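I'd like to ask you about the structure that follows.
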Amino acid sequence: MTETEFLLWVRGPAFSIATFIMCAGLVIRFLEIFLLGRKADLAEARGSAAAGGFRTLFRRSVPDAGSFERSGFTIVSGYIFHIGLFIVIFLFVPHILVFEAVSGLSWPGLPSNIIDATNVVTMIALLAVLVHRIKDPVMRLLSEFNDYLVWFVTFLPLLTGYLAFHRIGLSGAMLIALHILSVEILMILFPFTKLSHAFTLWMARWYNGAIAGYKGVQS
Amino acid sequence: MSKDKTLGETLRERGISRRSFLKFCATTASMMALPPAMIPVIASTLDKLRRPSVIWLSFQECTGCTESITRSNSATIEDLIFDTISLDYHHTLQAASGSAAEHAREEAMQENHGNYILVVDGSIPGENNGYSTIAGISNKDMLLEVAAGAAAIVAVGSCAAFGGIPKADPNPTGAVSVSDLVKDKPIVNVPGCPPIPAVITGVLVQFLTFGLPELDHLGRPAAFYGKSIHDRCYRRPFYDKGLFADSFDDEGAKKGWCLFKLGCKGPTTYNACATTKWNDGTSFPIEAGHPCLGCSEPDFWDAGSFYKALSIPTEAIGKTAVYAGAAGLIAGAALGASLRARKQSAVKDHERVTIDDLDQES
Amino acid sequence: MSGASFQRGYNALKEVIDAPIAAFFSSCVHCGMCAEACLFFTETRDPKYTPIHKLEPLRKVWKQEYTFWGKLGRAVGLSRPLTDQDLADWESLVYDSCTLCGRCSMVCPVGNDITYMIRNMREGMAAAGHAPKGLIGATRRAVTIGSPMGVKLPALQAQIRHTEKDFGVKVPVDVEGAEYLCLLSSMEIMNFPEYIGSLARIFRQANVTWTLSSEAFEATNSGIQIGVSDIAAELVQRIVDAAEALKVKAVISPECGHAYMAIRWDGPNLVGKPFNFKVQHILEVLDELRSQGRLKMKDKEAQKLTYHDPCQISRRGGVIDQPRNLLNMVADNFVEMPETGKMNWCCGAGGGVSSNERADDLRLKAFARKKAQLDAINVDAVVSACSNCRIHLEEGLEEYHMELPLLSLTETIAEHLAEE
Amino acid sequence: MTADGMPASDFAASPPCAPPTGNLIPLLHEIRHALTRWLEQGEEHVIDLRSIPLAPGEEDRLIEQLGAGEVNARLSILGPSDIIETRYPGAWLITHYNENESITGRFIEVCEVPGILKSQADDIRAGLERLEDQLSNVETTA
């Protein structure tokens, strides 16, 4: 397989396969969770479950002051790499073209060199997160293969993206192909690993907020 | 012209001044993207060079590469380039025809066995030798025969280097590149459709001056193919600023913004177009407002639409996502139902726990 | 089959896993932030006390029973099934080092209600026979005697007599048609009988009809703490029967956090039908009376006071503003702790921990968190609305050699009533 | 390749404006450094303008900036070559043309006199031979 064939394969069949697995997988995962069902609460409500659920969807993104003090590193590094990922994924013009090809929707992007700088910051934050995961006793105890795998497949597209942007080490076509391939690995693993928290956390927050909101607590 | 004389002697005989020669060396160095400090080295090497024999074979090609090289800068410079070599066979350019032409080729091969340079343009039919023959000899046979005695091979144009347009899907002739057939000789690929004329001559001069040049992983001389079009493009600042032309006639196009969205293959294409340029350094496709097609890369004809951005998927992903959603709904509903049943059976199996059931009987 | 067994426990774990739990486990990215929300971790720095870690066995069951890949993984031998030993190993984590305080559920960035999961996991632990001895004993007493502390009706009757004599008020028992049926916790009967007198004085002033029930005076529910819904339902049913027999409008949960959770929020779900009476915490009732102007105060408490939020009343129960309204009515100098209301820290003894002697040392260690909170504000006394909190705050303060009185909010109000 | 995938266009090629590559100022600095080095160490320096990505018009701006000094020589060697001393003495702009007057190379040299301007020994020798031949012819005829 030549470089060009490889690039065409990752842009063509491989991307379709990855898209199919990710989309089907996410729907399956959603149903796998949702269809387990939940008993109706028979206690007399003090507040609105829906309002609580809705509120927590957003409110949980803002840490309380005490947690910020005690888990500052986790929160700051987490925020940096999540925002960084958002910027790099959704505001880089070549990426927007992909979303446009898939959904027909388009939006303005950021200058490419700002994306590049953001990417570097994001990678540094992710490396810091990895070191923290290995060094912090709590995170080390909790972490399993899945957590490191998820870190790796998140980091890989950033790294290959950086190399492709600067054409370091290999030819431009090969680097772009590897970058797209690394994204496809991410997409395929997305529904079946912790990566799916990007979707399930909205369910989790909803349930948490609804349980609390029903009792009149703002969670 | 005798082949025994050095190039310097020949030039002096022809009344070419040393100044003219230095000018030639300077422009050649510039062409080869060599640092100016190399100009004296080129001058002294070329001065002492004995003219090597060159055999030029044209197979499945369009003569575009020959057209390109004959337009190499001024007639005088081209003369000079050809003065540095003895072009003993080139069936488009040579005066002789028929058996006389083939005889000239055989003679050159015999006289310079092991020392001549073979230049090839055009791809070679791999399936059926009958697709392309010269004087009744199939391209493959001729290539292998001539290659056997060559010191080195220069594959000029994307067809010879990578198969090019003849190899494009569905590749009716089963076209292959020179390097697909010849494995035991140094091969320099000079791809492009056509290659930049100055690059063809530059590679020849570089080869004659310094021997086999440094090649990249696709066999291309790094001096010309070492940087991507994108990296040397004068529109790169627009890419960095995120300013793109959305169509060929919008404001962005008129302002000369980056052509990435219009399918520019600059980021994946390695060639000297952005600095050497075409038509005596006048312009190059991107400067003329058209995205790079990537013609110096393998399989450029089949590398996705010329006018679709490099990053976007080549297949209809929107539909795939919809089908995937539907498939996910069916599979997820089935899986969900089975998990629900599992939970229900656990509920059914529940035995009422009383205060007598709080200790394990051991 | 009778007796606890691993199979029964495993089945119970399968039973309790629902969509929220599946969503929670799916979302946990092992960030470790819940550790810093748990006083058992913050005061020991031992990573095993990380809340989400306490749920490993439940997570395993979820993964292997309710996810496609987990099932596949177990089928091909990639992951080890849960064993009885796993549950045994986790017993102390699930019972000794968790008060179900719910703080971790408030900070989890992906929104996991970890406390909800621990509560559910205890169903499996208890059914498998891995509940702590102390809690098993308390639960048996609750079912057989009617009170986890073994308090019987004559003991209550004795306290009622004392109260009626001391305060000159009538304490109604088994009065049909009263507005409110008041419940008590054994701790109030045994340790803080003043609570009964306070109720009587306040209701007398506010002109509220109320009663105790000789059939169902105990509000606490060991079934919930140990994690056996069948038993918890039985205990709730006693209250429902009494409330229905006495035809009261509402049942008042006493100053006890878990009792409130049990009767107010879990009760209807345990017995499987909505109640036909209201359930209120005493603070809710008092705040209603306050807002209706039915509480006349003669003076205010001059001491600098703070309020310790009982977890099940504030964070998990939603009664957060009421105690503050009441405190501002009764006290001149009320200050909040550094982290307060729904983010207040647990006393360390809820969720059955106080019935579990094995956990005593750990509980006292964890109390350092509350001590630090109190050190930061330098108050004269701490007010709370949970006898369990009160007892263990007192014990903790003694352990750390701090002289700080613990007050009941209801009693404080009663003391400042403008009685005729 | 069909035209289907091609965005609509009238192909009215409008001359692209010149986006700055940002190479202009660094080039001037390079010349400044080279002049300094020549003064201090007598070191000569050549810049090949073709090896530097320049936007259309940017080269013109550079040449405009360098200006014209005291020397302006035109050589006739395989087409003309212009050798101009810029307004900064010691910095020479050398432009090679082919016989069609298209530019084939452009350099900036920092030196006393560009090498190509000097008479070359080979050419002097050839010229001398011609002169001697001529003289002997004259003498023979005379």
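Things worth noting here:
Letters A, B, C and D name the chains as they come in the text, with residue numbers starting at 1 for each one.
Just so we're on the same page, a residue touches a chain if its C-beta (ideal position, glycine included) is under 8 Å from a C-beta of that chain, and two chains touch if they have at least 3 such contacts.
Owing to the predicted nature of the structure, the values given are computational and were not obtained by experimental measurement.
Chain centres defined as mean CA positions place A nearest to the mean of all protein CA atoms. Pairs B-C and B-D differ in how many C-beta pairs touch across them, and the larger number is found at B-D.
With every chain reduced to the mean of its CA atoms, the largest distance from chain D is reached by C. For the pair chain B and chain C, the distance between C-alpha centroids works out to 76 Å. Between the Cα centres of chain B and chain D there is a gap of 30 Å. Distance from the chain A centre to the chain B centre is 39 Å, each centre being the mean of its Cα atoms. In this assembly, the C-alpha centroid of chain C lies 90 Å from the C-alpha centroid of chain D. Counting partner chains per residue, chain B has residues 335, 339, 343 touching two or more of them.
Residue numbers of chain A whose C-beta contacts span two or more other chains: 28-29, 32, 34-37.
With touch defined as above, residues shared between interfaces to two or more other chains in chain C number as follows: 17-18, 66, 68. With chains as nodes and touching pairs as edges, the resulting graph is of another kind, matching none of line, ring, star or complete. Inter-chain contacts, as defined above, occur between A-B, A-C, B-C, B-D. Within the complex formed with chain B, the residues of chain C that make contact are 1-5, 8, 11-12, 14-15, 17-18, 65-66, 68, 126-131, 136, 139-140, 143-144, 226, 228, 230-231. If you check the complex, the residues on chain A that touch chain B are 2-5, 7-8, 11-13, 15-16, 19-32, 34-37, 93-95, 97-98, 100-104, 109-114, 164, 167, 171-173, 176, 180.
Touching chain C in their complex are the following residues of chain A: 28-29, 32-39, 41-44, 46-47, 56, 60-61, 63-67, 70-71, 74-75, 78, 133, 136-144, 147, 150, 192, 194, 196-197, 200-201, 203-209, 211-212, 215-219.
If you check the complex, the residues on chain B that touch chain A are 216-218, 228, 230-231, 239-242, 244, 260-261, 267-270, 297-300, 302-304, 309-315, 317-318, 320-321, 323-325, 327-329, 331-333, 335-337, 339-340, 343. Listing the residues of chain B that touch chain C in their complex gives 335, 339, 342-343, 346-347, 349-361.
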